[in-house]
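Two complexes come next, and they have one chain in common, subunit A, joined by subunit B in the first and subunit C in the second.
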Partner chain A sequence: MNIVGVSACSAGIAHTYIVQEKLEKTAKAMGHSCKIETQGSIGVENQLTPEEIAAADIVLLAVDIKVSGADRFKGKPTVKVSTEVATKNPVGLIKSMEKALEK
Partner chain B sequence: MEKTLRNIKNHVMTGISFMIPVVVAGGILQAIGVAICGTGISQMEGETLIWYVWKLGNLGMSLVVPVICAAIAYSIADRPAIAPGLILGFVCTYINAGFIGGILAAFFVGYFILFLKKNLKVPKTMQGLMPVLILPLLTTLVCGFLFFTVLGRPIAALIAWIVSALTNMQRGSRFLLGAILGALCGVDFGGPMSKTASTFANGLLVDGVAGPEAVKLVCCMIPSVGLAVSALLARKKYTRVERDSIKSAFVMGICMITEGCIPLAMNDPLRVIGASVIATTITGGVTYVLGIENYVTAGGWFIIPLSNKPLLMAAMVLMGGVIMGVILAVWKKPVNEDGGEAGLDIEGAADIDIEIEHL
Partner chain C sequence: MQEENYLSIINEQAVEVGVAACDKETVFEHVARRLEQIGVLTSSEHFKKDLYERESQGPTGIGGGIAIPHGKSLAVKNTCISIVKLEQPIQWESFDDEPVQIVILFAVSLADKNNKFLSMMAQVARKLANEEVCLRLAAAATPQELIQALGAA
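Coming up: the complex of A and B.
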């Protein structure tokens, strides 16, 4: 699976970046490619390019707040979860995404 | 239903995420001014350069309600909601509907814009006018006018009622009043309840009663200290994420910004809020009984020396923090962190109920 996504938590200082790290590492270990854009209080980092979004199989939004630029993902299969779910069980999340895509 | 509730929470959290930097910048600058020049700083225009520092903070704090209102409205209805949200936020400050009013106004503005977007059909040639002219103008006019004349009144009245009810209670035991004020401060970490208690304390301060202000200050500083104490006592009961959050919450707490505790409370509301309320209730009562007073409205640890009994006040913060920390350390369940880098348990991971949407 080629995953792109956004992480954003309410304070935008800790969870946002931990989610990014966890998801990217977990996905890689499970044999997927994954890039997570962080929308923290510092602003957008690790920004997704239109090409990366176009090439992605699935969009993962691990967010507690509004995503900025959500219209970039128009037409893409999108999964939305809280940052809590993404930090607590990233493996289960990615597994469930695989299954959901197969359907 | 559950989804609606989650959406509402998302909107409010978006508002808080935009509001925190404003509270941080404004609150700390204001506190620095007060810490250096004392409470008379507001009257010192032209006398000292510190006044500018204080005034920067003061102006910043006046933006808090407009910013949270605009950000929640933006979360609901995107960019066209920002302008009406800011204006409605100012209306709420103006009619004393405050923080609660600001949040309600934001939902009103947001859903009104969604309603207009859906139901207001304009000719193709006028489409460009929708976001820049029609939506902000119409929304500000309709929502603003209604809030000014009708909707804002009950909210302002509600807040006024709470204030007067609390004031009348003062005839009863000092401990009870301190305990109630303390509980309000400890229950939502800078949210509407804390703001209500704060308004009450600030109002009494104007009349020269500085006891409730000290209760408020002490009890707003307790949660971040309490979390830090519990993390020291029971490190294993927090995930790495949570420990990082506690560190930032503690630093924010030094400046009396309690909002840093919210992410922790969201993860485990019953225990975190429970321990916090128990600690602030007890400490609030004791603080008021001891006659500790403070004439500064904000500033955290830095304004403890400005109290009439600085050592006692510091002791109260510590006491509350220890009570909360010990309760939490005992009450919290151990966590087992999964998803470590080495050895992912791919088979054992529980499935998550997700839904694929097409935006």
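Coming up: the complex of A and C.
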């Protein structure tokens, strides 16, 4: 599956980036492609292009705050979790996304 | 613009293993004194106050027995990173409620408080998402091994 998503924690300093790294690594190890845009205190990095969003099967928002540009994902199947959930159990999270798409 | 690498600001004189501490306060006291001794801080008391200021805004424990407290402070002359591995894990607010044994502490001068510091924190955070790095930190028995663990791919 082709995942795009956003990570953003409330301080925007550490967890945003830990989540990005963990999700991208875990997804790849499980045979999926995954790109996570970070909305942290440095600003937006690893920004998703409209083409990437259009090509995605599912959107993953691992956020504790409001996502900027949420309307970009309109009409896409979307999973939203806290950064805590994404940090603690990335494998479980991706498995549940696989299931959500099977339905 | 080339990002400055966080490895270059690890202050080797402030990297220690086997530090005895019973709580967060003892750790902050220990590191602040050390940083004052080696000329990084003008005032350890002032710096500690700024560390607590940040602690009050949310947990700095990132899970897996690691914490990344950081103080942006007028008392910091040169931005640097101190790493201490404690003799025993201690209580620390974190996502997974696990006790903390490795403290990666950022001392940030006001001049660097914005982008430079933030991009370095992001680099370190991405590193710490790598389990191998965490395992190597947990296994490190010398200051050199701590630094090498953080530099590992």
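Heads up, the rule we're going with is that the second predicted complex is superposed on the first by the 103 of 103 C-alpha atoms of A that agree within 3 Å, B and C clash if a C-alpha of one lies under 4 Å from a C-alpha of the other, contacts with A are read in each partner's own complex, and residues count from 1 in each chain.
Please note the rule applied: contacts are C-beta pairs under 8 Å (C-beta built on N, C-alpha and C of every residue); 3 or more make two chains touch, one makes a residue touch a chain.
Just so you know, these numbers come straight off a predicted model, no measurement behind them.
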item: Joint occupancy of subunit A by subunit B and subunit C, clash or fit; value: clash
item: Contacts of A:Ala70 with subunit B and subunit C, given as first, second, both or neither; value: first
item: First, second, both or neither for A:Glu84, with subunit B first and subunit C second; value: both
item: Touching partner for A:Lys25 - first (subunit B), second (subunit C), both, neither; value: both
item: Which of subunit B and subunit C A:Ser96 touches, first, second, both or neither; value: first
item: Contacts of A:His15 with subunit B and subunit C, given as first, second, both or neither; value: both
item: Touching partner for A:Ser41 - first (subunit B), second (subunit C), both, neither; value: both
item: Partner chain in contact with A:Ser7 - subunit B first, subunit C second, else both or neither; value: neither
item: Of subunit C and subunit B, partner touching more subunit A residues; value: B
item: Where subunit C runs into subunit B (options 3-11, 21-29 or 111-119); value: 21-29
item: Set intersection of subunit A contacts, subunit C complex versus subunit B complex; value: 10-11, 13-15, 18, 22, 25, 41, 84, 87-88
item: Of all residues in subunit A, those that touch subunit C in their complex; value: 10-11, 13-22, 25, 38, 40-42, 45, 84, 87-88
item: Partner subunit A, residues of subunit B touching it in the complex; value: 10-11, 13-14, 16-17, 20-21, 74-75, 239-241, 244-245, 248, 259-260, 262-263, 266-267, 338-339, 341, 344-346, 349-359
item: Complex contacts: residues of subunit A adjacent to subunit B; value: 9-15, 18, 22, 25-26, 29-30, 41, 58, 63-66, 70-71, 73-81, 84-85, 87-93, 95-97, 99-101
item: List of subunit C residues in touch with subunit A within their complex; value: 57-58, 60, 62-63, 68, 70, 95-96, 115, 118-119, 121-126, 128-130
